[in-house]
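In the two assemblies presented below, chain A is common to both, partnered first by chain B and then by chain C.
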Partner chain A sequence: MNKPIFEIRQGPEGEVLMSGRLDATQCDAALQFLNTLALPRLIDLAQLEYIASAGLRVILLTQKRCKAAGTCVKLINVTAPVYDVFHYAGFDQILDISRGG
Partner chain B sequence: MIRAPIALVPVLLFLAALVHSDSYKLVPMRTVLGLVAAGALGAGVSYVLNVYFYAQFAGNFAAYSRLISPWIEEALKAALLLYLIRTRRVGLPVDAGIAGFAIGTGFALIENLYYLASRSDNAIAIQVIRGFGTAIMHGGTATVLAMISVTLYERRPNGGLYLFLPGFLAAVAIHSGFNYLLVKPVVAALAILLVLPTIIYAVFHHTERSLRDWLDEDLDSKVQLLELINSGTFLNSNAGRMLQTLRGRFRGEDLADMLCLLRLHGELAVRAKGVLLLRESGLDEPPLDQETRDKLEELGQLERSIGRTGMLAMRPLMMATGKDIWQLRLLGR
Partner chain C sequence: MNERSTSVLSDPAQLPVLTRFLQEFWSANGLPAAEALKFELALEEVFMNVVMHGSRASQPRVEVRLAASDADITLVVEDEGPAFDPLSVPPPESAASLEQRPVGGLGVFLVRQMMDTVEYQRLTCRNQLRMTRRIHP
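Coming up: the complex of A and B.
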């Protein structure tokens, strides 16, 4: 069975789970899914292998929506390669990011 | 004096539309206002120069306005744009276009006020139409000059002043052509209104899309480069092999500095693109952190250490285009 390129779903405790590669071809679907949720506070990136600039946009737009509602997005279990992208872009200063074990 | 605002309101609205369409907020409003003021100052200088040169001119005023004054007025606008482009204060057709239109708007404001004061006997409709056409023309020629010049500088970031020539000649041609049509102000205004704003808006939007594409592609490629360097496999990559070909021409410590520069520039380039992404998303930018400030300083020191010859040798790897250099200004460099 082939591993999906990208998957986004809601976990048992309401957290958003992303896996695979969030690149330009997947960002519209990802943003659409996140927009259907009232306020996606927790996004678990433990299974996310790769994030491109389009994916960063998705996270930023979600953060903007949450901030307008008085809350913030928290990214958890971020893998090292994905964390590096957030760090290089300076987004670790505006997003709540915790790295995976 | 109500004629002046009536003539200028459409131009100010067009300028406001350009500024509003600037998704990446490349030109802050205070900069726009400063450029309008600079354009107004340029108009004052052009008045002095035109008075002097007209006194030396053998022909009549119509001939002077068609053959001589466009060169003087466009040269003054070009001087302002030259400063902005050469110092990388603008680096894309988007911000260059806004800067050009702002300068032209300021220029037109003073010119229109002068004509209103000196020819107050003309019918109000003629005054308004003429003023409106002049404002669009001045804004449009400066925008055309700016967009052409910055596009040429994008391809040859270290090119000379000759890169301004095509845009300058285009601006003079449009200006002179408008002055030829001024015997019929309505025709002149219509001609300029139909052509220039459409072209400017089309180029503007195309450039915004291109900027987004460049942002996406370059950010991803820089991240991949950084991953290669950090993983220790860089020297086996195409870029790494290219760097190794410089071994015979540069000292070992220079090559080490080059690798550090490549890595540092990659990190700062991604950081700059982060700024663009934040602006595009409408989120506030945090103030520049100390780590980034230190990296910018280190970048400068590495560039000095490597020297001009070394930087030229590294051109295939980095800093090859105007955007590569311009983007670091987003970090306050």
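Coming up: the complex of A and C.
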């Protein structure tokens, strides 16, 4: 049961791709990457297998930054276990989230 | 009842060690994969709380125990820090707007959402948090 480490990068159309596990040991790197982008619009979480509250903080800080600039981040292809965490935290009420197929 | 325990330094670098400990327990006992992420999240949230707010003594340790029966899975985390009941922290305001939503304080709230029971106990000089989830209701 070896889980992949976390990876974050930009896709061919400017979308942000996250994969693996966004836990407390990876959140600083994730936030640092997102802060290098002017205003991320789309984050594809199809390959994200795990998120903890430290990861939610990264998403929330990014959304707050975008909202302050008049835009918003959309989370797409969110897997069921990750969606559950967003839902339990009430983030499905304040973020634009669409589940994966 | 199958049980295993481990002990690590109260250091963020030990989080992957604890995650591996939990995953190996899951594999060894053939536990439902769908339950694993809930326990990984609970373990991370509680452990990181201890790391950030627990003992300032030199080289404090955190003990973790897992137990599985046909009916439920239990995770116990003990630390040597000053008495602190994380369950006494009020839950975040879930109806708050994006602008008002605080960026922290979600960890224990998530644990309470994921587990069926969460109990705090102050032992002689240790904090103990016991989390249980039924697997065959």
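Heads up, the rule we're going with is that the second predicted complex is superposed on the first by the 97 of 101 C-alpha atoms of A that agree within 3 Å, B and C clash if a C-alpha of one lies under 4 Å from a C-alpha of the other, contacts with A are read in each partner's own complex, and residues count from 1 in each chain.
In the analysis below, a residue touches a chain if its C-beta (ideal position, glycine included) is under 8 Å from a C-beta of that chain, and two chains touch if they have at least 3 such contacts.
Model, not experiment: these values are computed from the prediction.
By the touch criterion defined above, A:52 reaches both chain B and chain C.
Touch criterion met: A:64 reaches chain B and chain C at once. By the touch criterion defined above, A:42 lies against neither chain B nor chain C after alignment on the C-alpha atoms of chain A. In the superposed pair of complexes, A:29 makes contact with neither chain B nor chain C.
Of the two partner chains placed around the shared chain by superposition, chain B and chain C are both touched by A:89. A count of residues in chain A touched by chain B and by chain C gives the higher number to C. Put simply, chain A uses residues 24, 52-54, 56-57, 60-61, 63-64, 67, 81, 85, 88-90, 93-94 to touch chain B in one complex and chain C in the other.
Across the complex, chain A is touched by residues 215-216, 219-220, 222-223, 226-227, 230, 266-267, 270-271, 273-275, 277-278, 280-283, 286, 289, 292 of chain B. Chain A contributes residues 1-3, 23-25, 49-50, 52-54, 56-57, 60-61, 63-64, 67, 81, 85, 88-90, 93-95 to its touches with chain C in the complex.
Taken together, the chain C residues at the contact with chain A in this complex read 12-13, 15-16, 19, 23-24, 26-27, 34, 36-37, 40-41, 44-45, 48, 92, 94-95, 97-99, 101, 103-104, 106-107, 109-110, 113-114. Contacts from chain A toward chain B in the complex involve residues 24, 52-54, 56-57, 60-61, 63-64, 67, 81, 84-85, 88-91, 93-94.
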